[in-house]
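First chain A sits with chain B, and in the next complex the same chain sits with chain C.
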Partner chain A sequence: MLKEKNLINVAEDFSDEPFGRYPEDGPYNATTFRDDHLIPALKKLSGEEKLTIDFTGVPGLGSSFMEEVFGGLIRAGFDPEYINSIIIYKFPLAFYEIQAKKFMAMAKNNQKD
Partner chain B sequence: MDSLISLLSPSLAIVGWGIAYRLAKVNSTRTESKSLIDSCNTLIDTLAEKGSEFYLSPTSTKGQQRNFEKYALNKISLLFKKLELLDKRGVTTKQEMISDFHMALTEGIPTHGLKQEEDDNCAHKIMSESAKISYNLHSQFHVKYPPIEGFISFKRYFWKH
Partner chain C sequence: MIHLSTSLSAPKVLSLLDEQYYTDTFIFFKKIESNILNGYNLEISFSSCIEIEPSAALLLFSTVNFLHMKYGFNRIKIKQLALGSTLSYDAALSRSGVWEALNCKCVQDVENLVIQNNKFKTSCDQSILKKADEILRGIKDLSQEHIFFLNLAMKEAVLNVIYHAYIDKSGIVSPDELGIRWWQCAWVNTKQKTVNIIIHDRGVGVLGSYKNGQDDENALNEAFLQGYSRSGLVNRGMGSEDMKSPVNELMGQHTLTVLTGEFVYEYQLRTIQPIITKRKVAICGTLVHWNCSYGNV
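And now, the complex of A and B:
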């Protein structure tokens, strides 16, 4: 059974129309979501706990938003393998999960270069 | 002899009817799948055209960017659902291809108008990713529903479906 702290319902807790990378793109941008919602929720996890990110109710997500959220997590110091092991993704369409993982892998590769 | 002929005639009629029914079924499934592919290609072409138009225009306001993103996301969702239907008919599209097309369409939206070179690259990427999906749909269709060209391919076609 998930505890409340282990769930981010994006449509309810943030916005059902997230857009853009940075605050100058609008109030519901990826940087704000990552820094104010996702990273604090990840830091609250303990032991074997997992975090569910539920995008139900969000009709679609732009790739710029996705890159800044998930690629940004890696740039903020998180490891892609760790993130994939503790996050349960619930996306409106299946290909978004592939994209999130791709952005994390790309961000990790860019760090190596 | 008479009884053999009287038994053979209805049997041949039943077998003939079976073949005709089976061919009609295969043909109608093929037509339905082709029509779904055509509708996917129309969506892909429209998205590619609108996407290129957006990225090749010199500037855009935040409002225009949001509107284009909403439009692209709605159409991509519709395309994804149609591709799912085709998948059930054996015409498969890799999720990575849809993801790459989605990336080409939406990743550069918030930075549109800042660097012309990047905008041009986005437009080119849209065209190449859309072409990949279209080509894949057509080639998968020909594998799944090969045209009947002679007795041998007719036999293969008949037993396959």
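And now, the complex of A and C:
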């Protein structure tokens, strides 16, 4: 089904209480989200398909969580321009989208240093 | 073991920030601790007290609750407020839940503060943040943006407690039998339209865990800049901006105040740079306080 393939509803598919960077911080940490949900979803995309990440119902996702997910994508070998071209961020505030793009750019810069 | 009994009166105003009152407030908290450590049972009276500011109320709860849980709930008794006393007319204080929190008689009472979602509570489990979110969502006229950014800031503060508060510079983990614990409150003044979110830990303080080769003021300033972390890793220390986000992102008058050791760090937009002051009295651990206006601002 299209919805299952191209949409991650963070609250429903993962947790409405994501917390921390690493597995030792709790079951709903950023590393688990990135490795078990986001990267598999990205790998299933084909052609011109885009992936929507819906953050509705997830209050206050911390920068450390966002950095580990999106900065971590870049450290895992993904290209920020590619990610920016295929991910659609769904949330009433632009905050998460800005955070995700900022942390990917920072991770890319850190690789150059 | 038999304990002698003694009594202690709270000062006129309990405040951690007011220049006129904070010294007496800190002396009062030290006396609570020293009486218990010296083996006395203590009855605390608030008959002379006319005001308790939100952050002082949380530190009072943290101090009493810590001593209750560590040395016995029968060791500190809070004398009931007399009818007609000034504090009994303070609606925001009465509704804050602080008196119920101070009068816990057993561990189950402490757990009930979480279960019943008292505005004052303590835990070692980050899931109580969801309870704070419920309190915020129940405040009439509080915007979705307030709820979002206050949640974001609280999460970062709690992450800091978990990652840093009880670990010193050399990496030694030092929580006692009460665990990696913090005390928090969501204090709402519906008349003034202000919300106060306050989190206190009894750990080593920001400078107690932060590795640096600078003087204390610069180190404290650096600890609240994005990209600086005790880990030294380039992708860590991202959350300090989350702590500032209610001040940076919301319309209205907002202040982030952090008391840690002898230092007070105050961040608000009108001062451009954070103001850091050093005092002669020190707080145990770190207290983080967001004071935010809401409504028609």
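In the analysis below, the second predicted complex is superposed on the first by the 109 of 113 C-alpha atoms of A that agree within 3 Å, B and C clash if a C-alpha of one lies under 4 Å from a C-alpha of the other, contacts with A are read in each partner's own complex, and residues count from 1 in each chain.
Going forward, contacts are C-beta pairs under 8 Å (C-beta built on N, C-alpha and C of every residue); 3 or more make two chains touch, one makes a residue touch a chain.
Every value quoted in this text rests on a predicted model; they were computed, and no experiment measured them.
Chain B and chain C, once both complexes are superposed via chain A, clash. Once the two complexes are laid over each other on the shared chain, residue contacts for A:98 go to chain B alone; chain C is not touched. Look at A:63: by the touch rule set out above, it reaches both chain B and chain C.
In the superposed model, A:110 lies in contact with chain C only, and not with chain B. Once the two complexes are overlaid on the shared chain, A:80 sits clear of chain B and of chain C alike.
Chain A residues 17, 19-20, 25-26, 59-64, 67, 92-93, 95 lie at the interface with chain B in one structure and with chain C in the other.
Taken together, the chain C residues at the contact with chain A in this complex read 126-127, 129-130, 133, 144-145, 147-156, 159, 162, 226, 234-236, 238-239, 241-242, 249. Against chain B, in their complex, chain A makes its touches with residues 17, 19-22, 25-26, 59-64, 67, 92-96, 98-99, 102. Against chain C, in their complex, chain A makes its touches with residues 17, 19-20, 25-26, 59-64, 66-68, 71, 75, 92-93, 95, 103, 106-107, 110, 113.
The touching residues of chain B, counted against chain A in their complex, run 62, 65-66, 69-70, 73-74, 76-77, 80, 95-96, 98-99, 102-103, 105-111.
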